[in-house]
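We just call them A, B, C, D, E and F in the order they show up, numbering each chain from 1.
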């Protein structure tokens, strides 16, 4: 049985993130979404809020869970007995940074990272672009779930 | 139990390919190396020779096998009940072409492709570069296994 | 009134090409699809066949025409009084080559090239990948029009 | 008649920006330079100053105007009846971000984005690099217009 | 006799930086490591501390020195009679930014920049990633020298 | 005294190649242009013709020579006591392939490769694009020297 960790900021989760989680849940026996809790950054949503948003989604699958973590991702992966890290890839600029992280994480721990391409229709989605659209009053249809859209609108109103 | 197909030309397999196979064997319960048999190309080694080279390597793991295939990769993957395709990634230029293939394969069959980064010290290895070195009489140490090196030298002598 | 030339091999035209033509027809008053007739290459379909495939599509708009050309694209553009060249862009690897061509064409003639991104769901489509799928007996649904699919199947049967 | 919006921060406008505006004015009947007014960023020059710098330049063409805007670019484009967004492209790293923006803007509004390559000799110019040079006392010849250079020197003295 | 300037922030120097310095010391008669002292940024280590770390390393070669500088790099290079700037390159994303800087520096001064690829096993190393690992308590073996590791641990304890 | 080898096909040499040679002659005490003689390719000009074209150019500097070679570049570099390989870089797609070659050459011999960016106005020039323009009857002004242009016209007439 292989447990995969899917790390990210998810501030907020987009439909692109949900797509990667769906694909990971298809491939691995257990999927653990790991929400980065970085004390030096100020996210729009707290780690608790982001975990709650992801648990709403995770409820659709029996093999997906979500949790926040602090510290090194590879330490968290080992504590949770996860064999691999899985990251969505949208574009080449993602790839180079993620490759650097993957090689650092392998150097630190021997844990492998696998990359899952997002579906093409979500390739232009990012949490920061979604926040810009929300802040400027644009429609969030097709970008995030209805539940996340409601929370974004409330936050920027 | 997840079976992963690792496709490629492997003409010949390099230490970079062996590195990807090792990583795949760590992560998935069963790994099936799928050697492309393309009637319109003239490889240096026949599909049978390439399968034999890979079986030598596969013998080190109990969960790795090698086989040649013709036709669409996704048809082969489904016939062999493989849930995912796994590809090694060395560099950004690989990535863009491989992403295109991954999205086409998902469109054709719903089968997901996962990308595994090669270890950094193998990032500059490719079968065609190795063949150039062999043809021009350079040392093959650190590029291919001793068995593959012997066959390359024989072929170019 | 601005006339735009949309050049390409279109061997065969994919749904991605149709998407770029649609977008060009939205933006420019006249669109002239220019089919490259390169005597040194052996396409699957003759220039006449490719022009016919594109005219079928062009018939949907009152402002789109298709024609074959030989020689320098910028000479053809000037003969047809086209002010700009318009190219679809799918991916970064396209971009670098196309940028080189655009700068060469501007150097030779002063004609500007504008790039139109394809819709994300067509980003993985290319004529050569479509020919591979057709040759190996895969489904062409969602890749090319029904008319083009029929001609591809006939060619590879 | 096609009106094109050319958006940007232009903090300050460089000779590369002027080159893109010139090319856009060649191709489109009307060009509207749209200066981003982002309340969460602290530019070196106010939106009014940047619009004034661009109007100096725009005065050379009868079909170019400049204006500041707040909010979503696609809302501004529709209010001004602009059919297309035109962006200069210098390099591949620009391209990936701009492609993401173009696809988001098309998703939000159906407005198309066209990319215009800058001339090669301006490919290394960016507003932030120009500000670094000015701040450190380097020569601004060949980077910005004499008028903009004067304002940069004043600002950093 | 050719003197080369190797500029950087080196906050802190990694084994990848040492690798580039070694290679530069092989190729050029004199190597001057130039530590950027940027008053608008807050580095983890002062310019003096970074110069000291690099001098420890420079002591291994008779032809390498380290110094801090303020202002334009090309002014510093000319003051020190350096004929070329040498930069390590790890990855494509580095390359595009560095190419822009190289062309700006050549425009400002006529000084050429040469790029030296880092060894593949250091391609994933960057000062900022190393600081993240140190901050989160990860092992610094294989990332920085023992002396730099000790200073990083002290800083983050 | 440092001798640098500048390898390439130079089929034919463009103004971009001359620009790189000029830059190399500025930086290194001796420059040896190494013309690849690949028996498996059919160039437009023989190795002798290409060496002659380059010697015409080399005559402008006292420290530049040109020679053809067969076999591994690193063997040639060592026979000629060259300490470094110098390559021009135009664009990111060049970079990735050249980085792979540089790392292979370092693995085979310990010889370092340095990359020299071409001037921006030559970034779109390549020998193959120049041959296309010549074959289709376009003007060669600003692409190659007058002497090379004359030979290209003769070859394609």
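By our rule, a contact is a pair of C-beta atoms (placed from the backbone, for glycine too) under 8 Å apart; a residue touches a chain by one contact, two chains touch by 3 or more.
Keep in mind that what you see is a predicted model, and the values were worked out from it rather than measured.
On the document's contact criterion, could you list the chains that touch chain D and likewise touch chain F?
Looking at chain F and chain D together, the chains touching each of them are C, E.
Quick one: how many steps at least from chain C to chain E, stepping chain to touching chain?
Graph distance in the chain contact network comes out at 2.
To bring chain A onto chain F by a C-alpha fit, how many degrees must it turn, rounded to the nearest 5?
180
Report the chain whose mean Cα position is at the greatest distance from that of chain D.
Farthest chain from chain D, going by C-alpha centroids: B.
If you average the CA atoms of chain C and of chain D, how far apart do the two points sit, in angstrom?
Roughly 30 Å separates the two chain centres.
Provide the C-alpha centroid distance between chain B and chain D, rounded to the nearest whole angstrom.
47
Averaged over CA atoms, how far is the centre of chain B from the centre of chain C? Could you give it in whole Å?
Taking the average C-alpha coordinate of chain B and of chain C, the gap between them is 34 Å.
On chain E, where are the residues touching two or more other chains?
Within chain E, residues 92-93, 96, 99, 102-103, 120, 123-124 contact more than one other chain.
Considering every pair of chains, which are in touch?
Pairs flagged as touching, ordered by label: A-B, A-C, A-D, A-E, B-C, B-E, B-F, C-D, C-F, D-E, D-F, E-F.
Which residues of chain A touch chain B in their complex?
These residues of chain A touch chain B: 2, 23, 26-29, 83-84, 86, 89, 92, 95-96, 99, 102-103, 106, 112-117, 119-120.
Quick one: in the complex, what on chain E touches chain B?
92, 120-124
Can you list the residues on chain E that touch chain D in the complex?
Of all residues in chain E, those touching chain D are 71-72, 74-75, 93, 96-97, 99-104, 107-108.
Any idea which chain D residues touch chain E in the complex?
Touching chain E from chain D are residues 91-93, 123-126, 129, 133, 136-139, 142-143.
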